[in-house]
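These are the structures, in structure tokens.
What follows is a pair of complexes built around chain A, which joins chain B in one and chain C in the other.
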Partner chain A sequence: MANPFSLLNGPEDLGRGPVFWGGAAIVVALFLAVPLYLSDFAAYNVSYYLLNIPMALGLCLLWGYCGVLSFGQVAYFGIAGYAYGVIAGNFVGHSWGPMLGSLGGLVMAAIVAAVFGYFVFFARVQIWILPILTLVLTLLLETFLGQTAGYQWRVGVVQLGGYNGMTGIPAFQIGDFVFSGYSFFYLALGLALVCYLACRMLVNSRHGKVMLAIREDALRTEMLGYDIRVRQWLVFVLAALLAALSGLLYVQWGNYITPSQVGLLSAALPVIWVAVGGREKLLAVVIGTYALNWLNYQLSSSGNQYALVIIGALLVIVMVFFPRGLVVSLADLAGRRSAPSEASTARVRG
Partner chain B sequence: MTEAILSIDGLKKQFGGVVATDNVTLDVAAGDLQCIIGPNGAGKSTFFALLCGLHELDGGGIVFKGKDITRMLPSRRVREGLGLTFQTNRVFGSLSVRQNLEIPLASIRGERGILAEDRYRMALERFDLDRQDETQAANIPHHKRQWLEIAMVLAGGPDLLLLDEPTAGMAPEETGNTAAVLRDLNRTGLTILVVEHDMAFVRKIARRVTVLHQGRVFADGTIDEVTARQDVRDIYLGRR
Partner chain C sequence: MDVIGVVASVVYQFCTNAAFLLLCALGLIIILGMMNIINLAHGELMMMGAYAASASYSRGAPFWLAAIIAFVAVGIFGAVLEATIVRRFYGRELGALVVTWGVSLVLSQGFLLLFGPFMPPIQIPEGNIALGQYSFSYYWISMFLIAALLVAALWWIYNRTDIGLQARATMQNPAMARALGVDTRRIYMMTFTLGAALAGLSGALLAPTTSIMPFMGQQFVAPAFITVVVGGATNVIAGAVGSSLLLSLVKTPVGFFLGAFLGTVALLLAALIIIRLLPDGISAAIQRRLDLRHRMR
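Entry: the complex of A and B
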């Protein structure tokens, strides 16, 4: 077993060494110091940019590292969100309700992903058809949830609500401590950080290398002794769990969810965040997801009707000029610039 | 007679109306270095794919190291000790040489003991491969990519090495080195089965040669016995 720091500092993500970690510490410190320069309300908004990071990291593992594009990560986001709403909503007044709801959301999403993934990967469905299958799953979910407006679509005291959505979803709490404002911001920040570091350790581990091998050539990997069905299935379930985590944070942040959260438009967004940042590197995806969520929020909250058109146009521009993603391309450029200077230093020393 | 490491009995495979492998029965003795030859379309690569479980069989059975592997998953067969290099080179092109060598299951090699470790080290040294090399595998010369794939397979510590045209596209000198390394690996007791149609290369390495033609075993024996036969020459010249 490799030591944790060497896994964190490994070569399969952007950034290594003391300068990188020093810079990262400064960025994290700036986030931690948010109460010093942002209001409680503004910090709550920043939470929104952070809460999608786990879902994007999951898609990055699945698509960027394992070569399996899923267009339906929002299905697990939605399943977890709705499950949380139903469970926590039925136990209002009990301090353990939100905790049980969170656990229920994660378990439900994992079960759906495990069953769906089992049929897809163990039946050896061609990998190119997966984006369509996953998209169909989330659209089915949207259609189902959309017709739950009637009074009969009630679980305990919670109404599913059809296209009006589920409202009044309880905030997250541990014991009697309810997360809101700054405390919710710290929760979202902490989870984003933990997920990122854990994913970074995963991609630098032996499993991470096998994921890369599967992306490159699944048959060759299988003929090196790996059961690729199991590997792809496990990454698929992990990605679903990360999407579910984002779904939980979303409903705990906004206290509502509607079927449009699992619709076509929402399904496309994680793919855009991951592609624009650069799907091959976790850090690029974190930066891309944060920046695009910030941009989308700024455009929408200023009443701009064209927020999604602008985001879509950005995707097209980035894909044409930086097919590997904006952040990955910039990091490459920076790497190439520093490489010749190192070489010339070596010549001078020589 | 040395014990057979691989026993193939009545192997059959049909693709639509085309019979690719027709009742192939063959034993490979432990420690042998055997070549499978035959003209294009003789069913050589299909035969390897069937051994590895990459196609479903229409009939017949495969026993490897005394165990029936006929219905086993490809990855399980590799863990049992089969190692395959493909006809078209399949190293991980966009990964570095280091990553390519890190991916195979070193743990299995460890379980197979010191001999497997020696073979792997020998391949790295004789094929001039560096475990720390960060060069992208797509950017190394063709013959080194071929060698890298053999080394990757040896990294998993196989007991039977299946090589599908390992010298395709190599210059004579590189072919010579490949032959020498394979002979030396075989001397350590490693069983090697090679599909090849470069007869000069076959002559350099093979102890025993099996000729496949139209999916059937057409001839079997030493290289001199087989090449002396007029009917074998005829199929190579397309007269049959």
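Entry: the complex of A and C
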């Protein structure tokens, strides 16, 4: 087992060495000090930007590090959110209800991803099939959830609610402590940090090296004795779990979920965060996700109808002119100033 | 008498489902087969076709003329899209998927802002044949005939014209085709234009069956993608026809007994099972058969 600190400081992500970690510590400290300078409401919004980070990290692992693109991460987001709503909503009044609901959401998402992934990865399908089938899955989920209006669509005492969605979902609690306001902010911040650091350790581990090898040359990796089907399948399930975690946090944050959360527009968002940040680096994805969620909130809260046009155009422009992502391109530029030889070996990939 | 009616009704359902899937997928599968690129803006191109048809229909053009206008207009848009954006992504399949998705977001939201949430509807062209207690609409019967006609025209273009020969050469081995003097860039551009134009035509033809809205493309996306996944990219025409017939075989009974939504779910499950058995789609299986027969001769 490698030293965990050397794994964290490994080469497969942006930023190494004491200067980087010092800067990172300052940023984390600024986030920890949020109650000192942000109101309850502003912290509530920041929680929303943070809770999307696990889902984006999962897609980053899948697309950037493993070379497998999924358009359907929101399906697992939605499955976990709905499962939590049903389970926790049926055990209102029990302090362990939200805990059981969270567990149930993660398990449900993992089961769906495992079954779906089995068919796709073990069939060794061509590279463009997975994005399309995952998209179809999430569209069907939206259609299904949309027609669950009415009293006959209920599980226990919880109604699924059709297009109006499920409301009154209980907040998360451990024992008798209910997470809301600043405490929920710390929960989202803590989980986003843990997920980021864990992913960073993963990509620098042995398994991470094999993932990169599959992305670079699947056939050669297979000839070296690795079962690429199992590896891709495992990363797919892990990405689904991360998306499910975001889904859980989302329903615990807003106490509601609607079918549009698994619709076509929602499905596009994680792909945009990851593509615009830079899919090959975890930290770039974290920054991109946070920045784009902030931007989206600013655009739509000011009543701007062009929010989606702007976000879509941003995706097209980044894909055409900065195919490796904005944050990665900027980091490359900064890196080239200080160390020209290292940055010049970077390659552009499709 | 009633037996004939039931049989005719089942055949009619089967044909309309197959025609619907084929019309949804044809433009997509042509582009996929040639360039290995999935055009995620396909649903929005169909939406544009419906918009063009609605705009000309409400100004007094007959339905067939409106459909032709949609074919031409969306084809021109496709050529522009190819020249400005898609061209940069040849050989980068995932990049092309993502960038066309960005295009689709801009198109659907842009159309909402430009033209508002609704366009004037197009009446379903009238007329029915009655057989016993069942009646069959001329509109859907002609959709099936048009789908068959489009396939025949494509077959003729690919197999009987010089352009088609060059296109098939480019599909098999682009480097060798270029070495032999085929302008592959032009072939790619023409293919993308044709695929977009066919999407526009399908959007116009299917427009009477639905309300014409900026996000209407979404409802065609799932069936189109499933048809393409099952069909595969090895042989465009065999894939499109084989896959839409096979999937109609799945969808017709399930949809008949359990409803339209479960019919679509059955399509997804069928697609998962079929690609588990035939990872390259049924077109690869058909092509193997054809090659084998060719060699035996």
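By our rule, the second predicted complex is superposed on the first by the 339 of 350 C-alpha atoms of A that agree within 3 Å, B and C clash if a C-alpha of one lies under 4 Å from a C-alpha of the other, contacts with A are read in each partner's own complex, and residues count from 1 in each chain.
By definition in this document, a contact is a pair of C-beta atoms (placed from the backbone, for glycine too) under 8 Å apart; a residue touches a chain by one contact, two chains touch by 3 or more.
Keep in mind that what you see is a predicted model, and the values were worked out from it rather than measured.
*Asks:* Contacts for A:283 in the overlay, against chain B (first) and chain C (second): which applies, first, second, both or neither?
*Replies:* neither
*Asks:* Considering only the touch criterion stated at the top, classify A:262 as touching first (chain B), second (chain C), both, or neither.
*Replies:* neither
*Asks:* In the overlaid three-chain picture, which partner chain does A:166 touch, first (chain B) or second (chain C), both, or neither?
*Replies:* Touch status of A:166: no partner.
*Asks:* Touching A:69 in the superposition: chain B (first), chain C (second), both, neither?
*Replies:* In the superposition, A:69 contacts chain C only.
*Asks:* In the overlaid three-chain picture, which partner chain does A:145 touch, first (chain B) or second (chain C), both, or neither?
*Replies:* In the superposed model, A:145 contacts neither chain B nor chain C.
*Asks:* Tell me which partner A:219 touches in the superposition: chain B (first), chain C (second), both or neither.
*Replies:* first
*Asks:* What's your read, chain B or chain C touching more residues of chain A?
*Replies:* C
*Asks:* Go through the superposed model and pick first if A:315 touches only chain B, second if only chain C, both, or neither.
*Replies:* In the superposition, A:315 contacts chain C only.
*Asks:* Can you list the residues on chain B that touch chain A in the complex?
*Replies:* 52, 54, 73-76, 78-79, 84, 86, 90-95, 99, 102-105, 108, 152-153, 156
*Asks:* Quick check on the complex: what are the chain A residues that touch chain B?
*Replies:* 209-210, 212-213, 216-217, 219-228
*Asks:* Tell me, which parts of chain C touch chain A in their complex?
*Replies:* Answer in residue numbers: 32, 36-38, 85, 88-89, 91-95, 97-99, 101-106, 109-110, 113, 215, 218, 221-222, 225-226, 228-229, 233, 261, 264-265, 268, 271-273, 275-276, 279-280.
*Asks:* Provide the residue numbers of chain A that touch chain C in the complex, in ascending order.
*Replies:* Residues 63, 67, 69, 71, 116, 119-120, 122-129, 131-133, 135-137, 139-140, 143-144, 147, 264-265, 268, 271-272, 275, 305-306, 308-309, 311-316, 319-320, 323, 349-350 of chain A touch chain C in their complex.
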